[in-house]
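The same chain A turns up in both complexes below, where it pairs with chain B and then with chain C.
What follows is the complex of A and B.
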């Protein structure tokens, strides 16, 4: 039985198990129909031209894991940003783990989607926001159909949350293969601010496929910083969809650090509905072996006087493959837009591949839109300069790579996180540099 | 060689009758509408082609039947009804024009604006004109001069008959019959086109030029061009198009194949000014062209194009850089106004070592038009030290038009260096104001700025074309500023 058939037949069971009066019941049944019609995307679709899901869809994924998947804090502590205090929403095999989590309802709601969906007091918010910005493509619909758990974050007006929120999805590997579909909803009210760190982590070498959807709503003057740490094992694959809906004067930044995983696909979709919005999409990708990362971005400029900045850096070793498909869409009403898109890549191995498609679609005349894309190598002269001053080859290379990625690192506003990412980069390129960049 | 002087030309003009008029007076030998194997055979028979050519066409036709019309391009149009087109039309009487008065005045006006009449065109020394009218080559000048150098420049049908070994060897070698929908259609039904062969070590002394025109209502034009530059040779080839107004859409599906053997260089320049449809977007030519060249060792192919016409353009002149140290270049200006749609760009396929390519594309959209750049730069894993630089700039006029950029970059080699840059901008009000202050009216100011914007590409055109192209830009953008 193919995965698609399996999903379709389990949906019937899943629906029976849920209570019928769920406010999103109709959404679910529409979504499963969309998925049934469209199926999994194939390479024939333009958006999936360079990424094939065939190899990861072969596994026999279990959809509803057993409930007793307890893990000990000491085993997973290193995956948390433990140096500082944070709110934590932790899921183990898709199920909320209250022991590892630290939620709140004081100034803001940092809790679970399942409780938001079931409690009456959240009903208006769910009705206003849930699935309102997500698009009806097949994988997002698949997630919507099975949506029951994930993070629910709602920051009221004028609240600046005191500490960052960590959303961590662990996969224990108690099943031979598991499909996880977390669904996050983030609503940031007027003039509110929040920092979110998201991480998917597998704890064994059993196959994991995560099909995650996050919806972010940034109201007027809201400020959202979203960090995605993707440093999973080579048995884990991730398809991540992030949809951001921005009102006027809001700033939404998504930083993606892709260092691991078997296949990672990041779909970032930004919709600017008010004037003076700023969207920032940054990414550092460092890959080796047979890893594959695909960044697919869309910034849709609907209103005038907005800005968007995309900056993606990639370093590719061994037989790894990097894909960057960035799209800037400017509606004809959206005059005076400043949109910038940059994609720089370094190939280290002969077998590594880069496929880039920086795309502009512009219907307004008074705009400043540009994109740049480069593929190159580390500067031989710079290498020589450092070697002649007694810096080892490995270290010299690492320094250059750091310098290459530094622009994006500078954007990380949590110092501890920045240090953590630095460490990850150092690990990834196999050096130990005794300083913080 | 003895230079062909103006006196020679005058003499020739006196003795020769004016062979190529514009339209209507010529009685055409037109095939019934529709397409089937019999029509393909009939075309082949009519052209007195050898059996292998007929088989080749039939093979292409059968492949075409299996294919679907491509829809990926960023254009929308009513698909042509391929059974409602006459696939062959040839003038059976030679046109006899004594004066230019018989010519469509609107067209003449355009020519006047261009500052170029066809007479004058011919007088431009160093330009050999091979007029293709209604699919059959009617006149070829300068043939003798070229023949002395061993250069073959003739219609493709003549080449099939007289140089069949060359044609057989190279036809379809760069654009195979089954390459794409329109290339397959063209392979099956092409009625004429140009053939050019430059022998080893010969530098073609003049710019070779072909003027294509569509004349007969309801006849699609399917040209096939084959240019072969043998080892160490050089040729500069000009292709220009004008088409008189027609109300129904006309289909133009040409195939151009360039073969640059070791150390040779081909420079292929196009000015495309087919009828773009009127201001309401009615009529206009559909231009679905497959152009591709292959570079052997140290060879160079340079495509330069100025696209101002056609209702719908679908065109990607490409270079396959097969040999080591080969070079591919693509310089393009695409102007769209009113309801025109253009989806154009290039493909640079780097296969050999130390291959280099440059892409400069300038898109200008006005009115309600859509202008897309679509390009591919592919560095193969064995193409060490490949280098590419791409730049595509778009200029938008008004907010009813669109500019789109779809660059595909695929690198499989660590020594590759690829750079891509794109910008979108508009003509600044201060720029216009500056010109106005100095007594330059707005329309002229725009022409001035657009010419400046396109200069990098215009500079690449041969002299004769550059002047014409500049004026063409002005005309194309007339009335685009309110």
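What follows is the complex of A and C.
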């Protein structure tokens, strides 16, 4: 049975098991129909031209894992940013783990989508926001159809959350192969602020496919910093969909650090609904072996006087492949916008590939849009400069690659996170730089 | 110290150096002057080991050892330092961290352990003070957003830290105002002793008022066409290079 057929037949059982009065019941039925009609995307679709899902769809994924999936804190502690200085929403094989989590309802709701879907007091928010910015493409629809668990974050207006939130999805490997479909809803009220760190981490070499959907709503003057740490094992693949809906004067930043995993596809979609919005999309990708990462971004400028900044850096070794497909769409009404897109890549090996495709569709006549894309090797003059100071070729290369990727880190506002990512970069580049970064 | 014999070098099959002879002894300061495109910077790069240039003939000897096949880092370990005309920006790596790496890599090549952190800090402070470099400057990313003068001063700071046997200053005076020029020259003079040597590449006589050369060489079309004492620099400043060309004809 193909994965698609398996999903479709499982859906019937899944439906029966859920309570009928779920506020999103109708959404689910529509979504499964969309998935049934469209199926998994193939390379024939323009947006998937450089990323084939064939190899990862062959696995016989378990869709509903058993519940005996306890993991010990000591085994996973290193994946947490802080023991106490963050809120944590932790899932193990898709199931909430209260022991490892630290949620709150004090000033804001940092809890579970399952509670939000089942409790009456959350109903107004779920009805207002759930699936409102997500698009009905096949994979998002597949997630919607099976949506039952994930992070639910709701920050009331004027609240600046006191610590960052970590959303961590562990896969234990108790199943030979597992399909996970987390669904996150993040609503940040007027003038509120939040920092979120999201991570998917497999704990074994068994296959994992994660089809994740996150919706972010930033109300007027809200400020959201979202960090995605993608440093999973080479048996794990991730298809991420993150949708951000921005109202007037809001700032949403998504930083994506892609170092691990087998196949990663990041779909980032930003919609600017009010004036003076700022959208920031940054990424550092460092790949080796046969890894594949595809960044597919869309910034939809609907309102005037807004800004968007995209800066993606990639370093590709061995026969790794990267894709950057960045689209900026400027509506006729969106005058005086400033949209900036940059994608710089370094290929270290002759077998590494990057496909870069910037797309600008501009219907307004008074805008500033720029894009730049480079693919190259390391700068010879810079190499000579460092080597002439006694720094060996390998270290000089590492320093240069580090310097190349580094400026994307400037936007990281959590010092511990910055330190960790720095360390990861140094590790990935494979050299001890001889000093603390 | 440095002996260059009949050095010929090409880049992409174009002859740049066409038979250079130069003998620099310990304790000496040599100035190399010449019009644009005469090969001055190429000579500096070839001695430092830039592999873009191919040595087609001749020898470069450092303390009697032929170094022309060595990697740039190996030459640095042996005590050659090139102060760049255009220092490269390295974002994310501070001046301090860069120089620490450079020094410890050099020590490693000699089988020495890393310099203890306290000693390193003391050395950094001492050399920074000598060159009137603000401490804040040391934590900035290497050369990123530095003014022309700051870049040059930072080059001399690195030179002071590395204490090379042979320092080549490639147009270190360009981009410096007179005060910065004095500080930089003063730094170089303090580092100067009977065991090391300096080659100063410059267009202008100005720097040579402060770093006084024992010899001045004129490089034209890939060859040293005239050598003399420091008075030659004044003559060039006054008359330009045309009279030398005429002399040659």
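By our rule, the second predicted complex is superposed on the first by the 431 of 437 C-alpha atoms of A that agree within 3 Å, B and C clash if a C-alpha of one lies under 4 Å from a C-alpha of the other, contacts with A are read in each partner's own complex, and residues count from 1 in each chain.
Keep in mind that, in the parts below, contacts are C-beta pairs under 8 Å (C-beta built on N, C-alpha and C of every residue); 3 or more make two chains touch, one makes a residue touch a chain.
The structure displayed is predicted, hence computed values, not measured ones.
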Touching partner for A:373 - first (chain B), second (chain C), both, neither: first
Per-residue contact with chain A, leading partner among chain C and chain B: B
Touched partner set for A:348, first chain B, second chain C, both or neither: first
Which superposed partner A:407 touches (first chain B, second chain C, both, neither): second
Partner chain in contact with A:129 - chain B first, chain C second, else both or neither: neither
Partner chain(s) touched by A:382 [first = chain B, second = chain C, both, neither]: second
Which superposed partner A:391 touches (first chain B, second chain C, both, neither): second
Touching partner for A:360 - first (chain B), second (chain C), both, neither: first
Chain B/chain C common contact set on chain A: none
Residue numbers on chain A that touch chain C, as the complex places them: 379-382, 384-393, 395-396, 399-400, 402-403, 405-407, 409, 433-435
Sites on chain C touched by chain A in the complex: 45, 48-52, 71-73, 75-77, 80-82, 84, 86-88, 90-93, 97-98, 100-106, 109, 114, 141, 158, 162
Interface residues, chain A side, partner chain B - complex: 46, 332-333, 335, 345, 347-377
Residues of chain B touching chain A in the complex: 72, 379, 381, 394, 396-426
